[in-house]
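Since the structure comes first, as C-alpha cells, the remarks are kept for the end.
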Amino acid sequence: MTSLLCPDAFLSPLEIDEAVTRALAEDLGRAGDVTSIATIPDGTRGHGRVVARKAGVIAGLPLVEAVYRKLAPDVDIAAHARDGAAVEARTTLLDVAGPARALLAGERAALNFLGHLSGVATATAAFVRRIGNRPTRVTCTRKTTPGLRALEKYAVRCGGGFNHRFGLDDAMLIKDNHIAVAGGIRAVLQRARAVAGHLVKIEIEVDSLDQLREVLDAGGADVVLLDNMDAATLRQAVALVGGRLVTEASGGITLETIAAVAETGVDYASSGSITHSAPNLDVALDIDIRDQNSVIRSQ
Amino acid sequence: MTSLLCPDAFLSPLEIDEAVTRALAEDLGRAGDVTSIATIPDGTRGHGRVVARKAGVIAGLPLVEAVYRKLAPDVDIAAHARDGAAVEARTTLLDVAGPARALLAGERAALNFLGHLSGVATATAAFVRRIGNRPTRVTCTRKTTPGLRALEKYAVRCGGGFNHRFGLDDAMLIKDNHIAVAGGIRAVLQRARAVAGHLVKIEIEVDSLDQLREVLDAGGADVVLLDNMDAATLRQAVALVGGRLVTEASGGITLETIAAVAETGVDYASSGSITHSAPNLDVALDIDIRDQNSVIRSQ
Amino acid sequence: MTSLLCPDAFLSPLEIDEAVTRALAEDLGRAGDVTSIATIPDGTRGHGRVVARKAGVIAGLPLVEAVYRKLAPDVDIAAHARDGAAVEARTTLLDVAGPARALLAGERAALNFLGHLSGVATATAAFVRRIGNRPTRVTCTRKTTPGLRALEKYAVRCGGGFNHRFGLDDAMLIKDNHIAVAGGIRAVLQRARAVAGHLVKIEIEVDSLDQLREVLDAGGADVVLLDNMDAATLRQAVALVGGRLVTEASGGITLETIAAVAETGVDYASSGSITHSAPNLDVALDIDIRDQNSVIRSQ
Amino acid sequence: MTSLLCPDAFLSPLEIDEAVTRALAEDLGRAGDVTSIATIPDGTRGHGRVVARKAGVIAGLPLVEAVYRKLAPDVDIAAHARDGAAVEARTTLLDVAGPARALLAGERAALNFLGHLSGVATATAAFVRRIGNRPTRVTCTRKTTPGLRALEKYAVRCGGGFNHRFGLDDAMLIKDNHIAVAGGIRAVLQRARAVAGHLVKIEIEVDSLDQLREVLDAGGADVVLLDNMDAATLRQAVALVGGRLVTEASGGITLETIAAVAETGVDYASSGSITHSAPNLDVALDIDIRDQNSVIRSQ
Amino acid sequence: MTSLLCPDAFLSPLEIDEAVTRALAEDLGRAGDVTSIATIPDGTRGHGRVVARKAGVIAGLPLVEAVYRKLAPDVDIAAHARDGAAVEARTTLLDVAGPARALLAGERAALNFLGHLSGVATATAAFVRRIGNRPTRVTCTRKTTPGLRALEKYAVRCGGGFNHRFGLDDAMLIKDNHIAVAGGIRAVLQRARAVAGHLVKIEIEVDSLDQLREVLDAGGADVVLLDNMDAATLRQAVALVGGRLVTEASGGITLETIAAVAETGVDYASSGSITHSAPNLDVALDIDIRDQNSVIRSQ
Amino acid sequence: MTSLLCPDAFLSPLEIDEAVTRALAEDLGRAGDVTSIATIPDGTRGHGRVVARKAGVIAGLPLVEAVYRKLAPDVDIAAHARDGAAVEARTTLLDVAGPARALLAGERAALNFLGHLSGVATATAAFVRRIGNRPTRVTCTRKTTPGLRALEKYAVRCGGGFNHRFGLDDAMLIKDNHIAVAGGIRAVLQRARAVAGHLVKIEIEVDSLDQLREVLDAGGADVVLLDNMDAATLRQAVALVGGRLVTEASGGITLETIAAVAETGVDYASSGSITHSAPNLDVALDIDIRDQNSVIRSQ
C-alpha cells in the first residue's frame, strides 16, 4: 500500500487504518448501503475510475485504496498517479474493479478523503508556485481540522510545503503570555533553554524589531517568528537577524502577498488557511457496472 | 453541558467526548505543552475570552467547554452565546478561568473546533439568507470531512439548514447505476419498494423531464432529486411534480444561484460546499494570565 | 467473506470484525484455551463440521468464518449454506479444517453467534410462516440485546422480516409524551414536519380510533402505529386509513395472534420478542482431530 | 454507583461504562432522538419510574443508572430496589428525574439492559427454587450472548446461581477430543496436571460410569462433569465418586428435570438456557413530563 | 504466526495485535521515521538479522514478526528459533527482508518487545536452573508491568516457570485483611467456600505455623501461601501440611535463596522480581541495506 | 489531579486515563476481586497508606490517585508527597480512605505503576547524583517498555533526567545505515537538511574522531552522538567540537562510568538501562479495614 504514498512524506499505516475505519463507519452506519442492496444483485461486478475533474495536486490515494481493501479484500486496483503528483483536469488517477456493491458503498468515503487532502495539497502548491525560485519555504500551522492533523500535514508535504510543529510537544513556541509570565524575553529564553532537551527546538514570537533585538541579544532561540509584520519591516528583521536564527513570517499571509513576503528573504512563511480553509479538489468516481469484462492492470 | 447546544439540533455526548479526546491527543502528543511547562509556573491561574473576530453563526461551543473540562475538571466557564447564534464581529462568546497551563494547552483544539464548525454554520446561513422568505430549504450532502460528519451535520442545523442522509443506511437514494442494473426506472422503484421497510424514504435522481415523468408514472418514490437542471427546467419539473413528491435541486448550486433556484419553487436545494469547502470562521482566545482575580459568572 | 451473507441484507465488515474481536477476547481471556494447550500437541490439525441440530433459519455464518480467520488466517473453510437458508435438523452448514487448537479455541464464540442469530431468524420466520400469503409484513423493534442491534436486525432480515428504526435517529416515532407536551396531535405533527428533513419518515402512535381520526385530519404523518388494539378495532382502523398512511400494529402480538392480526389487512406487525426473547437455535461443532487427511472443498 | 450492585457479585465499572457507551451509541446513532428534539422544548424536565411489570429477580439497575448519568450527569436518581431482589409484578424499582429529552433518549437502552439481565436472573432463580433445600447448586455455562458474558454471569449470580468458567483460560475442562489426542484419561490427566499451575482447577467430562471409574483411578482431577446421564446413572455416579471429586451434571437439564437431578446428590447442575435462551423480564419506564415538581428522594 | 509461540504457552492474536499497534503508535508518532524518509530512497530494500547478543531464553519473536507484518505485509521472515529456546550469545534468531524504511521503522518496537520479554524469560530460567532436579516450581505474581501482564506471564512460561493468578478474578487469595474482617481463619474459609464456584481455587496466606494449623483444621483451602518464612520454618510447614494442600513459599525469594527454599520441599516458590525487575536481554537488529540480494529462506 | 504531577514535567490526563483503564482491566478481569467480594461485607470502609519502603525518587502518584477515582469516585485522598520528591525509606506518600473492597481491588494496579515509575526515577536520579556539580545532563533513549513510553519518559524527568526523542518523528537521528545509503556524511546531512522543517533537530551518530571531523566540516547537524567512545576519546571529541554542536555520549554508560563520562565535558550522557532495566522501587499499601474512623486530610 505504501507505493501510493508521496515519496518524501509519510503516513502511518495505523493512521490510515484508523481514519478509513472511522469514515466507513460513519457512512455505512448500521444498515449499510440500503439502496444498492435493494437494487444491485449480489455478485454483480463493476469497474470504477477515480478522476480529478479539475487540475490540482493529488493527496489521499493510499486512503482510497484502503477504503476498498477494507470493503472487499480482493478488489483489483491499478493506480496511474501517486500522491504529490500535479495533474491536469480530467486525469484518471486510479482504476478499481470488484463487487459492484462495494464500489458504490466506498465511493463517498474514498472521495471525501481524496477531495479534502488534494484540496490541502493544491492550496499549498499554489503558495509554492507564487514563490517561484526564491528560497522561502511554505509551512503549515496547528490550525488543522480536528482529528485529521497527521493527514493534513502529510497533504501539505504532498503540495511541496514543510511542516511546522505537529503538536504542542515536539518543539517550543514562546508567545506573549509566556514572555509576560517569565518576566521578559531574556528570562523566558533562559528558562526554556534550562528545561528543553537537546532535541527540542525553541522558537519565539516577536511583533517588533525591538523585541527581535532583545531575542538576538539574549541568545538561546533557534527560530524567530516574525508576527504580522509588513514587508518592509520583515525585510529589516531578516537583515537584523543576519542568518543567526531561522526566520518565519506569520500572520495574514495570502496568495496575493506571499511573493512579497518571500522577496524579503525570510526563511519560512506560514499559513493556516492551507489546512483549515482549503476548498476540496473536485474529484469523482465514474462507475460502470455493465463493463464487467474490462481488464485493468493489476498493481 | 447540553445547554450550549443549539436548541433544535443534537450532538451526542459520546460524539463530543470522542472528538475532543482525539483532538487533544493529537495536539498534546506524548509530552504535552512543553513551552508552558517550561515557562509558566505550576499553579499559575489565568482567564481566557473566546471571541468571534468576524461576524458569523456560531457552532461548536459545547466542544470548547468539553476541551477545557477534560484538561481541568474544575475550570470555570461562563457562556455568553449558544450554538446557532448569529453574532457580530468582536463578540465575546465565552469566558473561561482556570489553571494557566490548561488554558494554553486547550487553546488550539478548542479554536479548531469552533472555527471549523462555525465556518460550516456561517456558510449555511449565507445560503439561507439569500433565499429569504421563499419556502425552499437548504440541505447538506454526504460530502463531509472524513470523521466529522455528525459534527458538520449539526453545524448545518445551527446555520438554519436541514440534513440530508447521515449515511448510506438511513434512506435510499437511487442513482443512474441502480437504474441501469435494475433495468429502468419502473423496475428499480418496484425493487426498492419491495425491500425497503416502512420507515425508509426513497429518493430517486433524474436529470431530465422525461426521466421525471417516468418516475411520476411508476410511483413508489418519496423524493425526487433534480440533478444539474437550469432554473427554467427546474421550474418545469416542479410544475410537473405538482406536489406529489418532495423535490430537491442539486448540482453546482452556489451563493450566486441559490435565489434563482429557490424562485423555481423547489422544496430543497442541496450544497456540498457548505460542509466540504467552508472557510473557517475567524475565532480567537484572548488569554490574560496576570488577570487572575477577574471574577467570571459561573455557569 | 461477503458470500455467506444473506443476499438481501447487509452486515458491515467493520461490525463483524468488532463483534468477533469482542467475543474472542471474552472467551480467550488472558491465558487462552489452557486445556488444549496442555493436551493437544502444537501442530496437530483437525476438521470441524458446523451442524444445525434442529430445523431453523440460519444467520451468522459470516461470523463463524470471521472467528476462524481471526484465530488462524490460513484455515480452510467450505460453506454448504448461506445466511437466510431454511434448513432441516441435522444439516451440515460449514466445514472447517485447520490447527486443532484453533478449532477448539473458536468453537464457543462461533456457536454463540450462530445459535443466537439463527434463533432470531428462526423466530422471525415462524411469524412469517403464520402470515402465509397475506401481504402483512413482520417487523422488529428497538427491543434488542444491548450491543447487538445491527446483528439482530440483520438476523430479522434473514428470517424474512423487515426492519423498524435502527435507532432514535433514522425516523421519528411520536408517542404519548410528545403529543402531550406539544399540545395535541395536530400541533405535534406540525412541529415534527417543520423540523424533519425530507428523508425522515414520521410515524405516530395512537391507541384509539378517535386519535387515529385526528391523525388523518391533521396530515403530516407517513405511518401510524396502532397500539394494543384488538383485531376488530385494528380492522376498523385499517378501513379508516384507507391506504392514506402505512399502518403498523403493535403490542403483545404473538405466534398465536399474528394470523388474526394479518387478517385485518394491516401493513406491518411488529414484535419485540423476536429479538429480545428468541431462544437459541441448537447448533454444534463436531470436531474430529484424528481425521487430518479429510479433504474439504476450499471456498 | 456500586450501591445498586448485588451485594455478593461484581460488575466492573469499566465493563459497565463500556457496555452502556456501546448501547447508547447504537441507539442515539448520528442524529440522536430526532423526535424529542423536534417536539419537546429544550429545558423541559420530567420524571420517570422504572417498573417491573411482571414478577422476577432484578439485575441491571447499575446499568440503568449509568445510562442516565452518561446522558445527563446531573440527573436525580432514587432506587427502591437493588440487583438480586425478587420483586412482585408492578414494583417500582427506581425513580429518575431530569431533562425530559434525556429521559426519553435513554429509555430503550436502559430497559434493554434491565429486561435482558433480569430475564437471566429470573430464569436462574426458577431453577434455584425448584431445587429447594437440596444442596445442589445451579451453574451457568459459556453459552452466553456474544459480548455480554460478564454481564450475564453477573445476572446468574443475582438469581442465586453460581458461575462456571468465565472463559477458556480460568480453568481446564477436558473433553472427548482432548482425551482422544492425549491417548486416554490417565494420560490426559497426567499431561494436564503437569502443565496446570496451582491455581487452575481441572474438570473432566465423562459420559459413562466406566469413564468415571478411570478418572477416579487416575487421580489429578478436581471436578468431574457427568454428561447427559439420566437420573439413575447420575445417582450411581455420585455414589461412585463418594465425595472425592466435585460433581457436575450437564446436558439437557430443564426446569422440569432439575429437581430430579438435584435429588441425585450431584454438587452442581449446569444449564446453558439460563443465559442463551432466557426471555426478557417485562420492565417499563413510565415517564411523566408534566409532573415536574414531583420530589424524589435523592440517593 | 503461531509457529513462533512457545509450544506450551499461549498468547492471543488479539493481544499481540493490540500490543504491537500501541508500541508502533508511540514510536511512529504523527510523522513517522523522519530520518529514513529523508535519507533512504523509497523503494530501497534491505535485510535485517535479529541477534541475541547475550545468552538467554527467548520470548517475543511472534511480536517481532507482527511488528514487521504491520509495517510491510509482504516482508519476508525466516525464524531460526522459537520462543522458549535457550540460546548462546551471538545467536541469530530471525532474518527479515523487505523495504529498508520499514526495517528501520520497526527496529526499536521489535527489539523493545524481544528484549523485555526475553529478560523476563531469562530471569525465570535462572531461578529454574538453581532449583535443578528438585520438584519445586517457580511461579510469578501479579507484580507485573502495567498493561503487559499477559505478555509477561507468557514470558514466565517461556522461561520454564508457572503462572499464578492472572488477575483478582481467577482464584481467591485470602490475606490478613480478609481474615480480620471475617473474624478468623475458620470463618473466612467457610465464607469463601460458600461463595466460590466449583472452578475457583482458594489460597490462603499464613505467616506462622499456628496460623497454618488453623488452616489445616478448618479445611476448605486448596493452597496455602507461606509468607516470609525462613527455610527452617518452611520445612516444618511443609511437613505439617503433609501433602493435604499445595504449598507456596513467598516473600523475598532471590536467586541466592531459591535452592534452599526448594530444598524444603515446598511445591511452589513465587517471585515478583522476575516480572517487575528483570533486566532486558541484550538483543539487536543488524541491518544491511546494501545487501539486497541476500536470499533468506521464506517461512 | 494535576497537583500530584512533578512541577516541571507533564503527563496527559488522556494518557493517565488510558493507562489506568488498561491496568485495571487486566487485574479485575471479568469477575473482579472475588476474594474480597466473598469475605468483606459490602459497605465496609477502610483506610490505606501508600508507603515507600525503600529510599528513592517518587513517580506515579497521579496514577495511584486515578486508579482509586476510577474504582470509587468518592474516595478520599490526601497526598504527602508529589512526583519528583526524593524520600527516605518508610515514608508515607499518600493516604486513601473509602470502600474497603475498592481499596483492595485497586492495590496491585496502583502499586505496579508507582513501583515501576519510581524505579525509573530512582535509577535516573542515581546517575544524576554521580555527576554531581558537573554540567553534563542524563538523558533517556527509546529503549522503553512497549506501551509505556510517555510514562517512563515522564519518570525520567521526575528523576532529574532529560528526554531524548519521544519517537522516530520528533527529531532526526542519522545512523550508519543512513550514511551508507546516502553516500557519506556530507551527502546525508545535506539531504536531511533539505527535507527537515525548521523545528526538527538533526543529530548524527559518529564512532570515530575522523567521522566527527567530517560532520564538523559538513555542517548541518545540531547534535552529535559520540557512540561507544572511551573517556579519552570522548574528551578529544568534546575539544574538537568546541561548542559548535551539542554533544551526546552513548553506549554502555553505567553508574560506575558516568562520573568519568561527565568529566569529559560532554553535554549529554544517555542510558537505556534507566528505562528498560530499572528495578522496581519497593512500595506498599498498608490497609487497615477496622480503622474506619481515621480522619484523613482531604486534598
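As written, the chain order gives the labels A, B, C, D, E and F, with residue 1 at the start of each chain.
Just so we're on the same page, a contact is a pair of C-beta atoms (placed from the backbone, for glycine too) under 8 Å apart; a residue touches a chain by one contact, two chains touch by 3 or more.
Just so it is clear, the structure is predicted and the values come from calculations on it, not from any experiment.
J.: Work out which chains are contact partners of both chain C and chain E.
T.: A, B, D, F
J.: Looking at the contacts, which chains touch chain B and chain D alike?
T.: Neighbours common to chain B and chain D are A, C, E, F.
J.: At the place where copies chain A and chain E touch, is the share of residue numbers found on both sides over half (same) or under half (different)?
T.: Different, since under half the interface numbering is common to both chains.
J.: Take the average of all CA coordinates in chain D, do the same for chain E, and state the distance between these two points in whole angstrom.
T.: Averaging C-alpha atoms per chain gives centres 33 Å apart.
J.: Chain D to chain F: how many Å between their CA centres?
T.: One centre to the other, that is 43 Å.
J.: Touching two or more other chains, which residues of chain C qualify?
T.: 8, 26, 28-34, 37-38, 41, 149-150, 163, 166-167, 169-171, 195, 200
J.: Please give the residue numbers of chain F that touch chain C in the complex, ascending.
T.: 26, 29-30
J.: Would you mind writing out the residues of chain C in touch with chain D in their complex?
T.: So the residues of chain C touching chain D come out as 19, 22-23, 26-41, 44, 46, 100, 104-105, 108-109, 111-113, 115-116, 119, 142-150, 166-175, 177-178, 180-182, 188, 191-192, 194-196, 200, 272-273, 276-277, 279-280, 287, 289-290.
J.: Where on chain D does chain B make contact in their complex?
T.: So the residues of chain D in touch with chain B come to 21, 24-25, 28-34, 37-38, 41-42, 70-73, 99, 102.
J.: Which residues of chain E touch chain C once you look at their complex with the stated criterion?
T.: Its residues touching chain C are 1-2, 5, 7-15, 149-150, 153, 163, 166-167.
J.: Which of the residues in chain D come into contact with chain E in the complex?
T.: By the definition above, chain D touches chain E via 8, 137, 139, 162-166, 169-171, 195, 197-201, 203, 222-223, 246, 248, 267-268.
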